[in-house]
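What follows is a pair of complexes built around chain A, which joins chain B in one and chain C in the other.
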Partner chain A sequence: MDRRRFLLASAVAVAGLAVLPAIKPAYATPALEKLEKELQQRLGVQLGQIKEVADIKLTAPTIAESGANVPITVESTIPIEKVEQLWVFVDKNPTPWITDVKFTPMNGQVYFSTRIKMGETSNVRAILKLKDGSYVMATKEVKVTAGGCG
Partner chain B sequence: MSVGVGILRVPKEAKKGEVVKVQMVITHPMTPPRKDPATGQTIPAHNLTKLDLFFNDKLVSTINMGAGISANPFIALTLKVEDSGVVKIVYEDNKGGKWEKTADIKAI
Partner chain C sequence: MAISRRQFISYSTLALSSLTLPLEGFARRPVSFERLMDFKPYGNVTLVFTSDLHGHLKPLYFAEPMNLLAPEALRGTPGYLTGADFLKFYKIKPGSVDAYLGSCVSFIKLAQLYGMTGGAPQLSTVIKTTVRERGRDRCLLLDGGDTWATSGIALKTEGMAIVEWLNYMDYDYIVAHWDVTVGKEKFLDIVKNRLKAKMISYNITEEPFGELVFPPYDVVERGGVKIGIIGSSFPYTPLANPRKFTEGWSFGVKPEELQNHVRELREKHKVDLVVLLSHDGLPLDIALIKMVKGIDIVISGHTHDITPVPVRVGETLIVSPGSHGKFVGVMDLDVRKGKLQGYRFKLIPVLSEVVPEDKKAKELVKRWYAPYEKEFNTVVGKARTLLYKRDTLYSTWDRLIGEALADQLHGVDAVFGLDVATSPGYRWGTTVLPGQDITVEHVYDVLGITYPEVFVMKRKGRDLLALWEDVADNVFNPNPLYQQGGDMSRIYGVEYELKVNAKQGERIRNVRIKGKPLELDKEYTVAVYGGPPPPGVEPLKKNIRDIVIEYIKKKKDIEVERKPNVKVLDHPYNTDCYWR
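And now, the complex of A and B:
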């Protein structure tokens, strides 16, 4: 092998190495795989594309005694005119999708409160779709001492 | 337990332009599909699927939900009151049940 061929071959090899890790997402743990699938199906985006922002306030207990009844509240200072829809996901539930809420300017502000079920300790995510097509979210971990699914 | 009975709570009076809370509780089991441990047969899911909030017959919010919401769901939203009117919720479940509930708000 002459020098030119060797350089070409090694360049191809290095390029291949660089591409490989991109194929498999680094966070592909089994729990998040299910979430990713639901996100792709319902929102059409990946978790990595959603920006975490501070102006969504997700209120949930740090420790929930019963997973059958976890009160959550989503509030935001983002003007309601800019917001289209809200989703709530729980990472490790058998069905991560909990609910989605469509807002209109008649709501006056972004506010939604309900009680959800959680199977085990997991992240709760509130994802907002803005009118410009971008997605923003807030995440909070809730520790569950007794699961509430099934 | 009577499935589908709802309580809708709004303030009786509100200032024009005020944002008020609309709170509701609906009696519903909200069970996911599961296997009966004794017989092994599948018990189908029974949960609310959709809830619409109207103010003076104009759609304010649509909530889609699954069995991830707790039994006897409590839901709270906000509404901007520009005029007196009727708040109405219409909700349905996956077994064909459909119910509605109304409440009045007077703008002052």
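And now, the complex of A and C:
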């Protein structure tokens, strides 16, 4: 088992999340309100203060095969020495906070892979806090659907 | 064969007088097999391919859609061209063979003139002739999936009748979608033990660690050219079909991994040519190729698109050979100095009455059909309206299925009367002309699924609306990467307005159920089939095929409402193309 797989396996074990029944209409949720509250509470910043950057790569399916089990991977080329912590949020989950991970130089690089639950179509956000106190982020929309026709 | 061709010609002469189209060219020079095949070999490598046969070994009618509604950004582009727009875009003469096979315009008249399309004996002749002219060692035979499922004979033989034909034809590579619905075990048995062609797929992996289930690509030599061929199966199979068929497997669109395979083929294997055999669908492949470089040719299945000329995206040529055996795609390539220097491309029309039958293929079909001929040929009624399946929103087949469900459930118990019946927007099926007998096989060809159970349940208005909005977003999302493919669910008992370009959750408006405005909190009785089974609901005793056959038998003369139940607010919506 290589390091990546070990990380992934352990992450699967760690991330336990809220459950929500299948499809909910997208318009039923007040946009971003809950997320802003969580960001304020956990990070002490607003969404507008977090810069979207290209050197964080967030890999997730565009359409999830199952909302109950969405694989995501966060990677970054930002040197590990400059990184303090990672948060993952799903805007429209009942609890947007998914997990947070502290990095040390012993990690070698920013790489985190896990599976998350999503109640409905939403943005997924990977936010890094850097040692200089700034926040940077990658966002990807993942569609959760009841499926359709062939 | 000479006899049936003569028959065809006299038949067509008779039919000509009733046509209003300019068909003089055709009348003077009736179509001959030689003319259909007229395509001089070129270059040193040839791709010969089919896709989306949907289990059809015998000729059939298959009408192309009247509408392929597109979000504004994609309107008028390949993948969304129908009818007169299709003819204009590809400069095809109305009334010609290509017009008959590729567009809805005057379908009923042209079907009477040109007859059925496809059929394994006819496909065999076209493929064998093409290969013989070029030499087997120069040809690569490919099939884009949706091959051994969704028809009567596919269902009865668990796909094996079609698999044997594929083996007889000596296909080289294949990818999959509906093919998995024979059951995961059977599917694996076919691709590992029964099928001579190699199943390749870069996007089917084991959960949770992502090991590849099939080889992602292969390297093969033809005509002295080293070819790297990558396979892509339908990325949303686990969503489009019940999960049990792909339990433990993950699919998906993976541009980075695809790019890595291309790089590996180019750098490690030093191939001269990279081909992607895909069941992604044309719009998705066009979007994908904007992100992935280094693929020379994409053979694109799933959406049943017909591309008389390749779609060019950067340096890549994307082609799609239609469905139901209407065409054999032939792409002659000149590959020298490790590079594609030139190409010639033709979709060879398979007119069943013009193309001579291959004797061995005919025997093969006859042998597999023998035990079922009697059942399949049983006449259950007569079509008085054209029965077609494909369209983004509505079809007469689906309307008939909805009527049958409503009739069935009203008959059982008036209290349990049905409010809504939904029918999936599958792209496959068969077309029955007005005046033609409807047989049991026709019903199989429209409903040939391995999970034909019907479920009746109560659902609140708001849940129904959310579900339909969800399906609408899978069809109309402006980004093809977020489209799941397929047409809109057909909803019997319901009328609504559709705004294609509205935001998700706002496309469906003014919904009326049985003539009354939808109430969000009211519970409605809904019948569904053909999707993932709803948890905790027992299926009815009769399956969807039984119900439809019973209804047709009861009514005998099948006249179906042609007027769609949907009003489209921001896109033209054609409703008379076939009848022109």
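What we mean here is this: the second predicted complex is superposed on the first by the 116 of 150 C-alpha atoms of A that agree within 3 Å, B and C clash if a C-alpha of one lies under 4 Å from a C-alpha of the other, contacts with A are read in each partner's own complex, and residues count from 1 in each chain.
Convention: a contact is a pair of C-beta atoms (placed from the backbone, for glycine too) under 8 Å apart; a residue touches a chain by one contact, two chains touch by 3 or more.
In this text, all values refer to a predicted model and were calculated from it rather than measured experimentally.
K.L.:
Touching A:107, do we find chain B (first), chain C (second), both, or neither?
P.N.:
The first partner, chain B, only.
K.L.:
Is A:44 in contact with chain B, with chain C, with both, or with neither (first, second, both, neither)?
P.N.:
neither
K.L.:
With the two structures laid over each other on chain A, which partner does A:133 touch: chain B (first), chain C (second), both, or neither?
P.N.:
Neither: A:133 stays clear of chain B and chain C.
K.L.:
Going by the contact rule set out at the top, does A:115 touch chain B (first), chain C (second), both, or neither?
P.N.:
A:115 contacts both chain B and chain C.
K.L.:
Output check: A:145 vs chain B and chain C. Expected answer is one of first, second, both, neither. What do you get?
P.N.:
Second partner only.
K.L.:
What is the contact status of A:62 with respect to chain B (first) and chain C (second): first, second, both, or neither?
P.N.:
Second partner only, chain C.
K.L.:
Which chain, chain B or chain C, is in touch with more residues of chain A?
P.N.:
In the superposed model, B touches more residues of chain A.
K.L.:
By the touch definition above, which chain A residues appear in both interfaces, chain B in one complex and chain C in the other?
P.N.:
71, 115, 148-150
K.L.:
Give the list of chain B residues in touch with chain A in this complex.
P.N.:
These residues of chain B touch chain A: 19, 21, 32, 34, 55, 58-71, 73-80.
K.L.:
Using the touch definition from the top, list the residues of chain A that touch chain B in their complex.
P.N.:
Listed in rising order, the residues of chain A that touch chain B are 68-71, 73, 90, 93-95, 97-109, 111-117, 148-150.
K.L.:
Looking at the complex, which residues from chain C come into contact with chain A?
P.N.:
146, 177-178, 208-209, 234-236, 238-241, 243, 250-253, 256, 424-428, 462, 465-467, 469-471, 473-475, 477, 479, 481-482, 484-487, 489, 504-506, 530-532
K.L.:
With touch defined as at the start, can you tell me which chain A residues reach chain C in the complex?
P.N.:
Residues 5, 8, 12, 23-27, 59, 61-63, 65-66, 71, 115, 121, 141, 143, 145-150 of chain A touch chain C in their complex.
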